[in-house]
Each structure stands twice: as C-alpha cells, then as structure tokens.
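The following pair of complexes shares a single chain, subunit A, combined with subunit B in the former and subunit C in the latter.
For the complex of A and B:
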C-alpha cells in the first residue's frame, strides 16, 4: 500500500495552482488529503502531480456578504462545526457535520474536498442540495458559479473540469420561516451513511413550501426526491414516503440491500418531516 | 469455591509475604509501549535489508500459464523477481494434517503458488527491491497470464458430485469429517414435549490485529544460520517449521519475537508469504522484510467461523433438555492451514455443543470442505462462539417454546456444582466447574428481575429491549492432547529460567510470549511472589529461541496458566537455592529462613538477616568464603505441563441487554455482563481486560464483522472502510465478575481467561435480540452478523 510515484507542488497562489493544474492534465488538487491520500496509497488514483492548495489562506475563510454566507473551499470540517456564523446562518450544516467521520479526520478534511469528491454517501453534497447552494469554481477561463442542483453529475463526478479549483460555497441567508431537518443512519458512528437525508423547507400557512429533500447513500450521488417534496408540500407524508419508490433508486452493497435502503429512506423521511414540523 | 463481585481474592496457599497474586499491578512493559519505545518487527532495520512485495492472484481459481518478469527485473531498485517454481527449489511444500483428526486431508501448499492460484490474494510472484514502494512499483510490471478455472465458493455444494474438485488428487472437496454419538439421542427426542429445529449461520470473519503480520529474515552464510524476527505467538513452532522446510537443523534457526501488536490466533499459523520471505532471504543471502499491508491482510490473514449448523434440541414441559443434535458444515479455503490444520474449529464445535448441560444424549456431525476463498483456521475462542451460540440459541428458543424463564431452564439443566469431576456428552472431561455459582452471581449482578420489570414497562411505551444469556465453557491450558498427539511439533509444556543477578535482582526467561496481553506482567508476578522480591526487581525475557526454555508460546489461553506455573515453580526452586547459599553464609538452617521483599528473613518472625545483594556478592565475588564443598546455584529452571486433564475447562455466563429500533433494524447495546471462573486470578485487571476485549471481538462478530465474498470468490469488503471492526462508540459498558475454582493440576491454580469473552458474547447478543423481537412475532434470528438487513427481514419489513 505505497502510492505510485508522483510529483508534488505547493501552490503559492490560486493563479499558481491553476497554472500548475494546467500543465499536467492528470494532476490532482490536494486539500485535506483524507480521501485522496488513501486513494493514492491503494493506487486507485495515480496522478503525476499533486497540487497542494493548503497554503492558500484566502480559501480558508467563512464570511457573510450580500445576503450570503460564503465558506471557503479550505475551511476544515472542524472549523465549520465550531463556527457560530454557520450555526446561525446555515444551521443544517452544524447539524450535519458531526456525522462526518471522526474528529481527527474533521480536523484535516475540507469543505471543498468533500464537495469536489462528491462521495454518494457524504453529508455535505446533500446539504448543499437542500440549501440550494452555489458552488464557486475557478479555472483557466476565470471564475464561475454552479448551482448545487447542476453540480453533482454522477458517481464521484461533478461539474469540475480538469484544471478547475473549487474555491467557495455560497449559501443564501435563510429567512425566519425557513426550517431544516437532518438525519442519517450509519452502521458505526462516523461511517459513511447507509442512508441520509438533509432537508429544508419554509413554513407557509399551516404547511410547508419550497421543500427540498436531499437523500444521500441511496444512489450514485446526493439526490433530490422531487415527487416526495411535492407530496410533502401538499401535506401528505404517507404519499411522500410512497413517492420515494419513484424518486430514489438505491443500490445493494455489502452494508445493506437496496430493499433495506429503500425502507430506511422512508423511515428517515418520517423522522425528518417531524423535525421540519416541530421546528415551526 | 468463592464468589467475588469485582476484585478476585488472594488464595491463601499463594499468599506469600509480598504476594502479587490477585493484585492488579501495572504491567512492567507499559511505559515502553506507551512511550513508543517498543520493538515491533517493523522497527527492525538491518544492513543490506531489502523489502519484498507480492503479486497476488486477482482470481479465486486460475491456472498460471505464464509469468513475464523481464520488465519488473529492470525496474528501479529491484533486486530479484522470483516465481513460485523458482522458490520451490529452496523450500519444500507443507501439508496441514494431524493424525488425531482421523481422515483429515489436504494438498501440498507452496510459499508462492506454482502453476495454480487457489484463492484471490494468493501470492503468485515475489518482487524484492530496495524499498517496499519500489517493490510495489515493480509488481505492476509483472505480467501474469491466467487461465480462469471454475471457483468452488459455496460450502453447501462443495461436495456435490457435479462440483469441480479443487485438488483432483484428493478425489473430493472433503477435508475432514467427524461424527459423534453419545447416550440415546433418538430416545431423547422421543421423550421431548417440544423439539426445536433450526439452522444457524455464522459469517466468515477475521481477527484484525493492530500490528499487521510482519517478518524480517536474515540468512548468514558465514554462520550457516537463519535469524528471523517475527510477530508470532509461537517462536519455537516457527523455528521448527522454518528449519524443516529449508532443510536446516533447528539449531540453525533463531526466531526472535519482541513486541507484538495483538495476535488473537492470527499469528500462530504458517503463512505462505512469510515462508516465502524466509526462503528469499536464504536464496538471496541478505535480510528481507515483509510487512503485510491492510489490503493483503484481509485476503491472507486467516479467516474463521464460516459455519452453517443445522441444530435440534428436545425439551420436556418441565424444562429438562432431552437431546441435542447438530450438523455442522464449514468451508475452510483451498488448504488446511499448517501445522494446526483447519479441522480444529469444527472438531471443537462437536466437542463443545451442549457442554454446560447434563443432557447425555447427543448426535453430531461436522464436515469441513475445501473452497476457493482465503484459508480459515484457529482464531480467538476456536469453535466456542459457534458451539455456544448454537447451544444457547437452542436453549432460549426452547425456553420460549415451553414458556419457562431462560435462566430457570438453565438452572434445571446445568451440571450441578457438586457433580465434579464430570464428563460431557462429547466425552470432554471437567475437573471442576461452577455454572450455578456463576448463574447466581450474574442474576444478582445485573438485577435480572429489575431489568425484566424495566423491559416490560418500556415495552408499553413502544421501546423494544431484550435480555439474552449465554452460558459457556472454555478450553484452556491444553495438554499435548491438542496438537502433540496428532504429530505436530508444538510444545504443550513450557519452561521458565530464573537467575539471580549480582545485585540481587531476578531475570526470568520464559517460553510463553507477549502479544500485548500482559504476559510479562503475569510472569513477573509469579516469579516475584514465589521468590520474594518486589515486582520491579524481576525482568522478563520472552520470544528468543536461543535464550528462553523450549515452549509453546501463547495460544489456547495457556500463557498464564502454563507459563505462569512454570515461572512460579522456577521462582520457588531458585528461592530454595538462594536460601541454601544464605544459610551457609549465615550458618543457619535454610528451613528457618525465607525471602521477603528482597531480604533474607527469619521465617517465623520476619526478622531481617541479610540482603539479597549481599548473598549475590558473596556467591559471585567471594565464593572462597563459603564452606568447602558448597556450590551455590543461582539459576533454576522449571517446566510445567498439565497432566491431570487434557484441558483445564473454565466456565461462565454472559448477559446482554440491548434495544432494537424496530423501524430501522438497528441494535443498540446497552450493557453487557460476564461472570467467569478462570480459577486463580493472578492479575484481576488483566483478566478483566481480556474478558472485555474478548467480548468486544464477540460483539464484532455479532453485529459488524463479515468477510463478504461473491459467488466468484471475490472478497467484496477487504478494506478498513468496508470491513467493520467494533469501535468504541458502539460498545456498551461491560461488567465482569468472577467465581474462583482453582485447578488442582497446578499449584497456582490458574486457568486461562483469554477467550471466554469471545466465546459467549455473540450468542448472548443474538438471544437478546430475539428476546426483544419475540413479542412482535418476528422470525427468530439465527445468523450473525445481525445487520439491519437481517433484523428488518426478521421483522418482515423488507
């Protein structure tokens, strides 16, 4: 379990990082290294060059601007977990982050790394879907913003191109009627979820509007359950649970069968719906 | 027999002036281990040392048609690329059979596959290079052409006439079969008011050691001698095997085993890649290191426990068990592992089922079959979790069927505490057990009645909790009956040599080994107590075939019971020698002297006479002052092997309390109890931690650990991310109690304690889950691990 040989370069600036990436099409960004380094050791990934972005301080900040909270790509999970700005303006994240791995991994692992990796069972991609976040990408042609709904393309596949660096995540500051819910089931504490659900909605009249249900662990990527969202907006929880049969296509693996995942998704939907309701 | 809630008593016979028996003294190696100053094999670096990495078969069964090594040989840093055929000229193959397992058969196994790979992960080529990384780089350049063969993966069909025979020369895929019948099982079942028949399934799993298997082999042509640094449980056994298969005399091989990061039975076998490393060192005439990485550990460290047991119990309305019957089938991979064989676990299942109970009617069959998966062999509590889960699973199903409390059913059937010596239905001999005392102890320790009341109350609120028990027996302190009589050169006896140094401190060399479990502490306690010095005056040496008495090492819960007794006797013998010298210096009667806290004292009143340092000074530097004709002997060696019984059986009972989330199928462990009887408790803390650690491994088996193979023989979860070891957040508090019934086979009276926890944990948890789910009309669960899939299926929710 030793990595194949690779070159290493420490980026001095974002431009430098992009230039380095540009020079080697199979280069990889090194952020917290918590996913990339094991992949290198198992030779699942054999890039010729690692571009280390850990020195880019400007990517490590959490700030509030123009009605958004902006989270830099290099913000560590642990830093986000403790952030009072995030607790206040994006409480869904504060709820979700303790489920990511273990403290030692959260100390190194980064926000951007989790989003860029797009593990189908990871918490943060689903949270971004539920929050309708914008993902800022910087590449050779400059900066662009991608909506979370457009960002996750498939199994470990995203809208990031070869020379791109994910630089920040932007989340609109929620209004007072916004409600959030989060739950996941993992065999052991800190494991990737068997099934998880990050949800958001707005209290509207007696019910919920703008419901966004983002499941993880039940497909090749974090997935919105759109029919279930509609059913929940119309106040029919049973119909929402039934709709998951159409919305989700869970897989079987060594940890759980597709039938179990499907059943658990329904259980989680009931639990999270109660959270959305009880927080009214 | 004596019952103690937490701290074990000091047994009077052993209550020497400064006794350490029964005291939780810190282990002497603690500082070394916690300060990172231990010496693991990975820490060893020798001049000219090279590293080996192996190209491993991606197929479960394939003919190797060609191995192209040219590119690899030319790669940076590569010293040699060696195939199985080339290595077969250096080392002879081995066959894992023993004569006392009648009819067991296996095929010759080579250090590196020759012609055919028989499981995914078997080494097919070795690359030796300056560093492990360079060796791995070059492994990618070795081109192996395979011709895939049909793999045999399902044990259930391995014996079908249409199934391919893995080793054609053996004629079928049957490794070993044992049948046993005792009493009158048919009559027993005929007398029963209820017969429960079910099938238990146990997931294949492995023992994940903190330190992976590792070895450094160094052949010195000048000395014609091989020195092997190896993380092993049995250095002398390995010395014999390295010598035998390299064509050397045993004295030409030295095995050194310093610190070992956990073994659990994983490190007591012959591994092809370790044998290959030794052969490569001889071939290349330079030191070679091999440290298994996690990926290769999962496909090469022995697996265990893949059993399917059809089982049946008969019980009368008044709760008398009338018969047990089992049919065990287990698939052990393509080879019976050398030299202990892979027939032992199934053999143990036959030996142990029904073991705690008086019921004399028993029929058993066990079949062990070959298949194209990684090899299976002995892992902590060999066969015990299977036998205990089957027996105790049946007992609780029977209790539920006849509407009797499960503890009460046990009370009516466990062998009475005053009925010893006794013989079990399988023929196993018990010297003295304490099932009823243990049951009474756990009943009060867990407040069973109170828990039942709480369970009922919460049930009303929709909370589903369960209580499950598992009474067990454990094989410890084995005599030659385990391996020696079957022809294996595995020592059942062990020895200790104790020496007084020139300042009055003691040095003890022991044949048993330290795997991280605290052997050094236990040996030091025995020596210090028997001889009479403070613990810190005893230094213990383990794991060096040149310098310790010949012995078996650590396995089958023998290190404390057997090694401890040898150390105790050696300490006593040296005390007598030293008192003889002191008496001649003091011109006193040696019988009237004793040694206490490092000082020669008058035996009757404890008056200090002369320090040990002074005795040592005279003996070593002024022997001229001793009376003529007196020769002091400051070294004593003693050996010990149990002779009265083939095994010192221990016993105990465990209980699990847990909650099942019936929506998700998730199981939350709330509490676990174990009351066990390992005889004299030398170090209560070490015993308790052995029990707790063992229980945690049993919890792993019950809920998490599983080597999942597909029908092509591919291991699907061979990484630490996918193979779930039990971790702290999911573990319950574990309370341990003791009943003490010393064995009369030794003066110390200590039996083993290393496997009791693992023996009973998974069965207790399975019973507790069924207890929780029974009122919901669930199908009883009889398989482990109990994943959400399994629980939800039992609840009919998926």
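For the complex of A and C:
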C-alpha cells in the first residue's frame, strides 16, 4: 500500500525540530524510517507532518566523556556495529547489533529510533536495561535524563511525551570486572527474536554480583528478571531458571506459544550464564 | 502543507531535478518518474529486499526511504551498476549457476552481494554470504545457487578458483 498524504519538514536544528513538533500535535519524528515508513505504507500511522531529523549531524556521534560513552540518537545500527569505541566500552552492543534485521536496514535504522519505538522483541531496549543506561530526552522544557529502568512503560510505550526528541544514550564505562552475555533465538537470521536475553554482571569473589538479566520477546516490553538475578548472584543457576516462571509472563502468538517461550527463556539463561561465567 | 517539494539529486551519475509528493517512496519515484524499473517492489514494508538501491554508497530499502529525503543524495540502481560493469562478474555467475529463474529478486540480490564483496577483505564464508543476504527473499531458486554464485565471484575477485 501507499502512505496517506502528509507534510514533510526537514529540521535545521534540534530547537527547530522541537518547534515543528510543538506546532502539530500528531507530527512524528522521522529517523531511520525503518519502522515508521512501513507503518505509513500500511496506513497504520497517518500523521499530518513528518519532522525529518536526519540532517542533525550533532545527533550522529559516538563519544567518550566523563566516564561514559555517549551514543547519539541518530547513530545508525551499522555505524555502531563497526565502532571500535563501542566494541571496547560497550561490547554487549557489538554482540547484539548483528541480530537486528538485515544489512540494508541496519544501514538506515538508528539507535534512537529503536529505543523510542520500544518494540517488545527488539534487542537494544533490553541491552540498555542490562547496561543500566541513561536516556537523554530533549523537549520544550529542556533536557532531562531517564534511567532505562524507568523508560520502557508498556507495549510500544515509553517515557517520551509528545514533542520530545530522544537525543542520546549514555552508558557508564565498565570496570575490568564487568562481564556481559547475549543470546537470542529467531527462526531466521535478522528476524525479531522469539526470545532473547541481554545480561551484565560483575565478577566478585568466586561468583557474580550486580547481575542484570533483561529478556526481550517475552512480554509487552523488555523486562528484567529480578528473582533470577538474585538467584544467579547466590550462585544457583537452577533456581535462577526456575525463578523465570515468576519473573516473566510470555505471550502466545503465531510464532510460538507461551509455554515454548517460557522454556526457551530458560535455555537462553543457561547459555548466557555460561558466557558470564566463562569470562570470570 | 502536503505540497510537492523540490529535490535535486543524482541518479546513476545524472543530475535529476524534480518535484515530489512527500509521501512518495524512493523506489516509486525511480520507477514511475524516471522509468528505472529494474528496482522491484514486493512487500512495501522492508521485508523482501526487492527494492534495494544504493544511497550515498550504501544499500537501503527503496520502499522505506522517501524520495523527498534524497535531496542532495547520490542514488544508484541496478541500471547504473549494470552500465558501469561493476557487477558484470556477479551477473555472469548468476546466469551460469542458475541463480535466477524469474529474476524478480535479482537486482536486490546483486546490490546486496556487491556490498558484501566490497566490504570484506578476504572472501566471505558461505555462512557470511547467507547472513548478508538474509533480508532478500527469493521465491524461485532455493538460495543454494545464489550462494554458489556469490561465493564463486568472491573467490575469483581474490584471485582464487572456486
């Protein structure tokens, strides 16, 4: 299908983008367009105005400052995949990004777009939860920072308000004791995950501390499995797998039943726990 | 507000000035306004890869970019790549190995394969070829012959025989 008519404005600056959004309540930000344009083509979304932020070069940078790595909202998946700074300072992302869609889509799709969309089966929201990232949002009233744990509110629902632009993601540079793990199951390479898991922890004594397990594809949004985290910190992997029954509420759909997803979540937890362990 | 917008871009090396409706996808613009019908339209939501074109040197989904976004950009299609001879060896290998039947997916396959071959230093493995082509559907060949053709060209470009 073809999109319904809309107007198009190319933002000249961040302030200009915010002013444009302010002037039209149903306007949408156009970033990579890899999720928005399909929705337009299928007429699931019929905004009156698209505000194209692709010209805002200041949002396309990866930088290191004050103990953080900062990833601009317009950084493309392909750019992040090749970034040596990300490989060094946020290796979990380097592990996760090849699972996002296909090369032509990664060439256009952006970090900010993926986080703002908050697809429950997407990789990056779960990675940000596992990494305890901060999400920078700029709106009419200025700039604010939202913790990943507070950002994802529900199915395709986030802490972004109308007129807000997601401007950057900040991740603390990990210490030498930090460990990461990632695994996902999909029927075909590049498809959205049936179930996926992004994890982080710190080696402490003989075990792990500060474990963060963020599942995706098993609920209405990326979700931390808090009881399983506690069980893993106490060194009991079987208890952690059992705790997933409590932590997760997977859904059934055409791709897999809730029971299958629940089983696969346990399989992934064992694989990822081995990744966290093997690097101790 | 939904008025047509002026754009100036280059398509296969030639300058194009046009007025486009904001809602027109790049691949529709190429096919309908410029009669470059080598880029195909399958699904119109990013899934099949038939619409693959190059914008500023990298491959994109032609159905997921708006023509109005291409102001100032350098667009290349299968027509341009064919005329320049850049993918002549890939095209020959596809014919030789029966890597196309109806040909609907072929322009997208060629552009995607060419990107992989230009990126990788050493010849990519079959697994890497499959992964790179994973976003391009072919309903005819069963993919095996396509992977064979891309692998043969990858090796030949490294001066090796398959």
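By our rule, the second predicted complex is superposed on the first by the 280 of 280 C-alpha atoms of A that agree within 3 Å, B and C clash if a C-alpha of one lies under 4 Å from a C-alpha of the other, contacts with A are read in each partner's own complex, and residues count from 1 in each chain.
Here is the rule we use: a contact is a pair of C-beta atoms (placed from the backbone, for glycine too) under 8 Å apart; a residue touches a chain by one contact, two chains touch by 3 or more.
On a predicted model such as this, the values are computed, not experimentally measured, just so you know.
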{"item": "Partner chain(s) touched by A:2 [first = subunit B, second = subunit C, both, neither]", "value": "both"}
{"item": "Contacts of A:260 with subunit B and subunit C, given as first, second, both or neither", "value": "first"}
{"item": "Subunit B versus subunit C as contact partner of A:42, first or second or both or neither", "value": "both"}
{"item": "Which of subunit B and subunit C A:104 touches, first, second, both or neither", "value": "second"}
{"item": "Partner chain(s) touched by A:188 [first = subunit B, second = subunit C, both, neither]", "value": "both"}
{"item": "On subunit A, positions contacted by subunit B and by subunit C", "value": "1-5, 38, 42, 188-190"}
{"item": "Subunit C-facing residues of subunit A, complex", "value": "1-8, 30, 33-34, 37-38, 40-42, 48-50, 52, 54, 78, 98, 101-105, 107-108, 188-190"}
{"item": "Of all residues in subunit A, those that touch subunit B in their complex", "value": "1-5, 38, 42-43, 185, 187-192, 194, 253-257, 259-260, 262-264, 267"}
{"item": "Residues of subunit C defined as touching subunit A within the complex", "value": "1-3, 5, 21-23, 25, 28, 44-46, 49, 52, 58-61, 63-66, 68-69, 112, 115-116, 130-132, 134-136"}
{"item": "Subunit B residues touching subunit A - in the complex, by the definition given at the top", "value": "131-133, 136-137, 140, 293-295, 663-666, 704, 706, 708, 716-717, 719, 721-722, 724, 726-727, 729-730, 787-789, 792, 797-798"}
